[in-house]
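Chains here go by letter, A, B, C, D, E and F, matching the order in which they are written, and residues are numbered from 1 within each.
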Amino acid sequence: MSEKIIYLNGAFVPESEAKVSVLDSGFNAGDGVYDVTRTFAHRPFRLRDHTKRLFRSLRYTRIDCGLSLDEMERATLEVLERNKAILAADEEVAIWQVVSRGPRSSRGNHATGKATVAIYCISIGFEEFARDYLDGVKLVIPSTRRIPPQCLEPKAKINNKMNHNMAIFEARQVDPHAIPLMLDLDGNISESNAHNFFLVLDGKLCTPSSKNVLDGITKQALYELAANLEIEVVEGDFTPYDAYNCDEAFLASTSPTILPVQSINGVKPIEEVPGPITKRLIQGWNKLVGLDIVEQALGHIDGADGQRLLTEWRRRSMT
Amino acid sequence: MSEKIIYLNGAFVPESEAKVSVLDSGFNAGDGVYDVTRTFAHRPFRLRDHTKRLFRSLRYTRIDCGLSLDEMERATLEVLERNKAILAADEEVAIWQVVSRGPRSSRGNHATGKATVAIYCISIGFEEFARDYLDGVKLVIPSTRRIPPQCLEPKAKINNKMNHNMAIFEARQVDPHAIPLMLDLDGNISESNAHNFFLVLDGKLCTPSSKNVLDGITKQALYELAANLEIEVVEGDFTPYDAYNCDEAFLASTSPTILPVQSINGVKPIEEVPGPITKRLIQGWNKLVGLDIVEQALGHIDGADGQRLLTEWRRRSMT
Amino acid sequence: MSEKIIYLNGAFVPESEAKVSVLDSGFNAGDGVYDVTRTFAHRPFRLRDHTKRLFRSLRYTRIDCGLSLDEMERATLEVLERNKAILAADEEVAIWQVVSRGPRSSRGNHATGKATVAIYCISIGFEEFARDYLDGVKLVIPSTRRIPPQCLEPKAKINNKMNHNMAIFEARQVDPHAIPLMLDLDGNISESNAHNFFLVLDGKLCTPSSKNVLDGITKQALYELAANLEIEVVEGDFTPYDAYNCDEAFLASTSPTILPVQSINGVKPIEEVPGPITKRLIQGWNKLVGLDIVEQALGHIDGADGQRLLTEWRRRSMT
Amino acid sequence: MSEKIIYLNGAFVPESEAKVSVLDSGFNAGDGVYDVTRTFAHRPFRLRDHTKRLFRSLRYTRIDCGLSLDEMERATLEVLERNKAILAADEEVAIWQVVSRGPRSSRGNHATGKATVAIYCISIGFEEFARDYLDGVKLVIPSTRRIPPQCLEPKAKINNKMNHNMAIFEARQVDPHAIPLMLDLDGNISESNAHNFFLVLDGKLCTPSSKNVLDGITKQALYELAANLEIEVVEGDFTPYDAYNCDEAFLASTSPTILPVQSINGVKPIEEVPGPITKRLIQGWNKLVGLDIVEQALGHIDGADGQRLLTEWRRRSMT
Amino acid sequence: MSEKIIYLNGAFVPESEAKVSVLDSGFNAGDGVYDVTRTFAHRPFRLRDHTKRLFRSLRYTRIDCGLSLDEMERATLEVLERNKAILAADEEVAIWQVVSRGPRSSRGNHATGKATVAIYCISIGFEEFARDYLDGVKLVIPSTRRIPPQCLEPKAKINNKMNHNMAIFEARQVDPHAIPLMLDLDGNISESNAHNFFLVLDGKLCTPSSKNVLDGITKQALYELAANLEIEVVEGDFTPYDAYNCDEAFLASTSPTILPVQSINGVKPIEEVPGPITKRLIQGWNKLVGLDIVEQALGHIDGADGQRLLTEWRRRSMT
Amino acid sequence: MSEKIIYLNGAFVPESEAKVSVLDSGFNAGDGVYDVTRTFAHRPFRLRDHTKRLFRSLRYTRIDCGLSLDEMERATLEVLERNKAILAADEEVAIWQVVSRGPRSSRGNHATGKATVAIYCISIGFEEFARDYLDGVKLVIPSTRRIPPQCLEPKAKINNKMNHNMAIFEARQVDPHAIPLMLDLDGNISESNAHNFFLVLDGKLCTPSSKNVLDGITKQALYELAANLEIEVVEGDFTPYDAYNCDEAFLASTSPTILPVQSINGVKPIEEVPGPITKRLIQGWNKLVGLDIVEQALGHIDGADGQRLLTEWRRRSMT
C-alpha cells in the first residue's frame, strides 16, 4: 500500500483522508504558518531548528497550535517514521508542518478557537532540479517587490505566498524553469520565492542582510560550514550590479540545499558552475549530511543522460 | 435537516463533507482568491459585480477557475437556492466564492493543474454588529501598514489576510471589539481589515483614493447613492488628522453595509452617531435594498435590550 | 547624392562630417538635452510645442543653447527643408534637436562655455513597428524603477537614457521585440522607455499622472482628440493590476503615434487589437495629420505580407 | 607640437581629429560608461583597478567594448606613452577611458552594433584646487538626491551625470567654488558630484556605506593606508548632523586625492585644516606615490602667493 | 504708555509681565500649538477660521485649552481691543494665539493638567518685506524635507518649528533674505517655512496638494478670489522643474498676504514681478480687505526710497 | 524653605521666579534644545557627556548659548550644589539644561539675538516606575513613525516632542502606563518616547542602529558594561517580530536607567522579568554608580507593599 500517512489534528490518517473544511481559515484566508524540514538518508536535518522557527512564526501570528515544541517535534518524527516503510531507498522527503488558525463557523464566521495542525511528507522531486547543479539556475529579477516587515515579516514563514507567486509568473515569462530573484522596496536583493541568495565577491561569501529575508536554516548551516572552511561571511545590502559582477552565486534552501546560479537577468558571472567556493560548500555539506547531494539528485535522472551527467559532475568535483 | 449545502468543484455537498486536501495550495500557501456577496431578503445584492471582481482577482493571480463568469454566477445562485429552505425568515447570508490554485502532488509538490472552487453560505451574525449602528465602532490605527501594490495589489481580494490580521491584533489590545484602520506606507488612511472608510469633511463624502484600497462593491453603490442625494464624493489622500477633525465617519462593507464610527484612536468626531449624512446614506440604502438594514440587525438582539435599541434607533431616524 | 544634411553649431554639413569632439560633455557625461519632432507628409507636427519643451529642458539643466526659441525653430525647419530633396515620397523623418553643454578643455577639464547644437533627421523605420498596429506590442514590466523627480525630472528630456536602457534589457529577455513598461518608486505605472502609456477602464481613457512621466506632445494631442470625441480622460495612479484588467491599452509617442498593446506581462486585456477606443483615436489622428498612419507604416512591408496586413487592417478599421 | 594624441576606435589621432558622430548614442543619449586614472610623476596609479571597474560598468550596462581587459589596459598605457613627450615635468594627467554603445543609423535609429572607445589625457588643473588643501572646500548639501540603485547603480560610472550636475548648480548658488554633498533618498550622506566623503568621528575614519556611492579606487587605497596607520575604518549611514559634529572631514577622488573640508552648510567642524588624521593620510599617500601631492599642486600657483602657501603648508605639515 | 497688553491664562497683563515658567512644557518640549491672525485697518481678518484651525490643532494634539471656540475668539478680540490705543494709524498686528499643555511639576515632571493660553499682538514689520512686492523673493530649495504626516501632520500648526528652521539656515547660505521652499519626502514642493506656494502654469493657478502643507487661511481666501476672477485652481504634485518653468509664482501667508517670487534656485520664471495673474489676485485682495496692501507696506519705507518704490508700484499696477 | 533654585540666563533664582516671556521662541516655536543628567547619591552621572551632547544639539540647530562647554558644566554643577540643601537623603534629581534661541521682538517678530538658558533640577518620581523593575513595562507599537533624519535628526535632543507625544497617546489607549515603542519609516524599531530599546537574541545584546535613535548616554554606558561582562553588543535593524521572539528586553534611559519589558503589543518574551542578561546589567550598573537602583526606587513605595516588593526583588536578584 503506497498511500502516505498524514498527521491531522492528533490523528494519523491516509493522505486521501487528510482533509480540512473549506471553512478553515487556512484555506479561505491563508491564515496560517508552516515550516519544512528535509531528510538526508531518511534522517531529518535540523528538525529542532525548523520547529523552533515554526514556533516563532506562530508567536508572531498569535496562533496557538495546541502543542508544545516537544510535542510538535515528536509528532513530526512519528509522521516520518510511519512513512518510512513506503519510502524507496533513494527517496527523500520534505516534511511539512502546517498550522492554520482553524475552521470558522458557518454562522457569524467566527473562529472556532482550535488550530488545524497538519504534518505530511512530500517526496522530493530530484529530477526537477538535478540538472541545475551542472547547468545552474537562471535568475530573473521581477518587478514585484518583497513585502516589507512593516506590512508582514519576511522572517516568518506564513501561508501567504501570493507575493512570491507574482514574482514567479514574471520570471517564467523568460524561461519556464527560471527562478525569480526578488528585490526589497529599496532595490536591494532579498530572496527568491523559496531560497536564500548567496554571491561571492572578492573571495567573501555575501548574502542579503537578515532584515530582508527568511531566516533560512540552510543559510545558518552554511554560515557554520563557511566558518569551518575559513570563508568570510558578509551580510549586507546587495544590488543587481553586485550580482552581475560577482565571481559566483548560488541559491540555498531546504530541498536542493545549494543550487549554483547560471545567470542573473541573462548576465553570467561565471562560465562553468559551480564556482570554486560553491563547490567547497557543497563538498562540506556532503560531509555534514553523510551523502553526496548532487549524486543523489542525478541518480533520479534515468538512462544515459543520467550517467553522462554523473560523469560530468565527478569531473567537475575533481577540479 | 439543518446542514448547509456547499458547492465544491462541481458538486453540491453537505457542509460537513466540503473538504479539501491539506495538500491544496489554498490551505498551505494561501494561493487563492475569493469574493463575498450578501443577501437582502434572501436576494443576492450585485452578485454580478462581485463575480466580475472575483474574475479580476483570478486574472491578476493567473488562476484559471475552470468556469466562465456566467457559470460561476449560476453556480453561486444555485448554492443560495439550495440553502434557502433552511434559512430562517430573518436570516441573511454572505455567499463566499473561494478559488484556490488547487492541490499539489505528494511527490515533487507539483500543482496538479486544476483549481479548487468552493461556494458556500455563511449566515450573517447580526448580533455581533447590530449595536454598532447606535454606538459606532471604535477605530484604532495600528502600526502595521497595508501592503503596497508593488508587492501585492490591494484592489484584488486575495486569500492572504495575515497583513489584515496583524492589524486586528493591534486594535484589539485597545478593545476586543475595536476595528483597525490601516495606513498605507505613506501614512495615508487606506482601509480597515474588511471595510472601506468614509469621512465627511465640509459636507463632502470623502474616502481614500482607490490606489490604496479594495475596490468595494458597497463603496461603488454608495457613490451612486451619494450622486442621487447630491452629496459630493471626493477620493484623495486622508490622514489621521482628517479623521480626528471630520464631521462624521463610517465604514462600508458587504455585510453590515454602513457602520457609523464612534471614535478614531479615542478621538470622537461626533457626539451621537450616525451623523446626518451617514443617516441619509443608510436611509438611501434601505430604499435600495427594500428593507431597513438597522432594524433587521437589531431584530437579532433578544429581549428588552433589543426593544430598547430599536426604539432608540427609530428616535434617531426621525431627526 | 544621398547623404543627409545636419545642422551643427550654426553650419549645415553632410552627415558624415557632423562630428563632435570626444571632449564634448554631451559625449562623455550625457550632459545635454534633446527633443524629437516627426513629420507627416513631410510636414513637421507641432514643432513649436516640441521646441518649447526643449527649452524647458534647457532651462531645467541650465544650458544656454545660444539660440532663441524662434531661431531654434527656424534652424530646425531649415534642416528639414535641406533634406527634403533626398526624402522618398513614402518616407518620414524624426527631427532631432540635440543640445549639449559643449566641449571641455583638455587642460583642467573646464567647460569652454559654448553649447553644442545639432539638428538632424532620422528616417523613420516604419517596418520595425508596422506589424504592431495589428499584433499589438508586448509589454514587460521590468524591475528597474523610473528615476524620481527628486533625483532627475522625468518631465525633462535629458540625454541620460541609461535608466530606460536598463529597462529595455530586462524586457528583451522575454522577447527581443518586447517593450518595457516601467513603474515609479511607489509601484505606479509610469512610462515605457520611449512612450506614454494609456489604458481604457470603464470607457475612460486613463494614463499615469503627469508627475511620473515625460510630458508627451503626442499625449497632449490625444487629450484634445479625446475631448473632441467626448471620451473622458483620467490622469491618476495605475498599477499592473489595472493594466491586466483594462479593456484596451496602447502606447503613444512621436514616431508610431499610437501603438496598440497586445499583452502586459503576458496577460492580454483584449483579443484583437486595436480596441474600439484605440481605433477611434487612430482614426481621429489620421484626420488630424491628413493621412492614415497605419496604412503608411504597412506600406513599408514588402510583398504579399504587406498586402495581406493592409487588407486585414482595412477589415478591422471597418468594424 | 602641442596637440595631444587620443585613442579612438583603434587609432591614435590628434585631439583635434578625435571626433564622434552626433548620431553616436554616447552623444545623444549618454549611452556609455567611463573611468579616469591619474598619474603621479607620469606613472598611472592603479590603472588595473580602474580598468576593472570600467569593465564592471560595461557589464552592468551590457556594452561590449570589443577589447579585452588587457587590451584596454595596453591601449591606455600607449595613450599615456604617446603623450609623455608633450607633458611638462610638473604636469600630470587624468587618463579618461570612455566607451559608448556607438553610432546609431540615420534610418531607423538602430544601434550599428559597434561600441565607440576613446582614451585621452586631460592635464590636471592643479591651480583650481591647490588652495583647497589649506583652505578646505566648502560643502553644500543640495536638495537633489542621489539616484538610487533600483533606478541606476551608483557603483557604476555611467555617462549620465545630470543628477550630479543638478547638485552642482545648487551648491554654486552659495559659492561658485562650493562642492555639493549629496544625500540619498533616505537622507544619508552619499557622495559629492565627483568625490567620496570621509569624516572623522571619535578617532575613527567614517565613510558612507558602499551601497550609496561610487566604489572609489582612491577610497580603497585610503582603506589600506588607514589599516597601515592603525586607524579604524567604519562604513555606515551618516547624516548632516554627523558631518556638522565630526572632528574633521575630507573628500577623496582621483585627481586631488584628498581634499580637506572647511565647512558643511556653513558649519565648520575644525578651525584649521587638514585635521590630524587627514594629515596623516595625506602623508601616507605621499609615501605611496613617491611625491608630495600638496607641494605639487601648490607648485602651480604662481608668484609670491604660491611661495607663501607653500611655506604655510610646510608649517602645518610639521605639527 | 507703549507696552502691549497680553492675555495670559485668563488675565490681561503688560507684555513685560507675560511670562511662563521654564517648567512649562511649551518651553521645554515645544508641547503646544498656535495660530496667527492679522488685521487690515485694525480689523482682524477671518479670525473665526483661524480659531477653528487652532481648535483642529488642539484636537489633534489632545490639548484641552479650557476655553470654548467662542471664548477663545472673544479673548482674542479683547486683546486686540486693549492694544488698539497704542497702535499707530499705519500699524497692523499679527495676533498670536499660543496654547501649550502647561507647566510640569518640579517633582516627577508631571503635567499639572492645565494648559497655558497666551494671546498677544505682534506689530507687523512691513519694512522687512515691502520691497519684495517689487523685487520678488528669492526661493532656495533646501535639502531638509518637510516632516511627513505619518510622523507629524503638516496641516496642524504645532510649536515644533525646528524642521522649518533647518530649512531657513540652508536658504540663508545663499542670501540672508532668501526663503526656503521645502520639498516633501517624494520630492514634491510643499511649502516655505511660513507660506503656501503658488505657481501659474498655462494660465492656471497651481498649488501643492493639501496633503503636503499647512491648510492656509490666506490660501483658502485666494481660492475664493480666483473663483471670482474665473482663474482655474489646480491642487497637485509639483516639482522644482515646474517651478523653474512656470509663468509666475508667489507665496501666500497671513502677514504679507501675497509675495511675488523673483527666482527659485536662481532660475527666474518672469522678468518683472508681479506677473499678471499675481497682480489680479493682489488687486482682488485689496478690494477684499479695503486697502492696498502693497501701498501700506511701502508706506513703511522712509524717505525718497519709499517714494520711488511707491511710484514704481503704481506704474506696474497700471499695466 | 523648600523652593528649588534655577539658573536662568546667568542668575540663580527661585523656581517661582524662573520665567520666560511668552515671546520666547522656545515657548511659541519649540525653538530650542535640551539635555538631562541624573544624580546617583546626589552626584551627577556623566555630566560631561550630557553637556557635550547638548553642544552637538546646539551646533546642529545653530543656537549660540553664549557659554563655553566648561561654563555650561560649571553652571550645571552649581545648580545642583545650590539645591542639595533641600534634597532629602533618598531623593535624586534630573538636571535639565534647556536652551532656546531666545525672545522675539513684539514688533517684527525678530530674534533679539540672545539665547535663553535655563538649568533646573526635577526630583525623580521613583514611585512612578519602581514597580516596573518587577512587573516590566508594557510596550505598545504606535502607528506614528519616528521623524527621519532628512527632516529632523533623531540624534539631536530638540524641544520638538510632539512626534513622541503622538506616540504616547496611542500607547495609552491600551493602558495608561504603557510606553510607545516607535518604528522608523522603514518599519524598524527606533526608540520609545524617551528611552533606547534593547533586546536579547541568542545571548547577544541587540539595539537599533544609531541612525534611528537618540544617542543615549545610558546606552553608551551599557555598551561599556556589556564589554566588561563579555556580552556581545549588536546594532542593527530590528522589527516587531524580533521583539516578540526575543529572550528578554528592556528600556534604557537617564532616570530609571534600565527598565525590564513585560510585553510588546501584548506578546511576552519572558515569564519573569528581569531576564538573566538584564539582571547582570542592572547589577553591573549598581556597581558603577555605587548604589542599588532598584532598591532605591522601591524605597519610595510606602508601607507593606514597598516591603513586599523589596523582598521579591531580593529573591529575584539571588537567582
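Keep this in mind: a contact is a pair of C-beta atoms (placed from the backbone, for glycine too) under 8 Å apart; a residue touches a chain by one contact, two chains touch by 3 or more.
Bear in mind the structure is a predicted one, so any value in this text is a computation, not a measurement.
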{"item": "Joint neighbours of chain F and chain B, given as chain labels", "value": "A, E"}
{"item": "Far-end chain from chain D, centres as C-alpha averages", "value": "B"}
{"item": "Listed chain pair C-D, A-F or B-F that repeats interface A-D [over half of contact pairs the same by residue number]", "value": "A-F"}
{"item": "Inter-chain centre distance, chain C versus chain F - centres from mean C-alpha coordinates, in Å", "value": "59"}
{"item": "CA centroid of chain A to CA centroid of chain B, Å", "value": "35"}
{"item": "Centroid distance [mean C-alpha coordinates] between chain E and chain B, Å", "value": "44"}
{"item": "Junction residues of chain B - those touching two or more other chains", "value": "62, 143, 145, 148, 150-151, 169, 183, 187, 240"}
{"item": "Touching chain combinations (by label order)", "value": "A-B, A-C, A-D, A-F, B-C, B-E, B-F, C-D, C-E, D-E, D-F, E-F"}
{"item": "Residue ranges of chain E touching chain D (in the complex, touch as defined)", "value": "140-143, 145, 169-170, 173-174, 183, 187, 240, 265-266"}
{"item": "Of all residues in chain A, those that touch chain B in their complex", "value": "4, 6, 8, 15, 18-32, 34, 61-62, 94, 96, 98, 100, 104-110, 118, 120-125, 128, 143-148, 150-152, 158-163, 165-166, 169, 185"}
{"item": "Partner chain E, residues of chain B touching it in the complex", "value": "183, 186-188, 236-237, 239-242, 244-245, 267"}
{"item": "Interface residues, chain F side, partner chain D - complex", "value": "56, 59-60, 62, 148-151, 153, 155-156, 209, 211"}
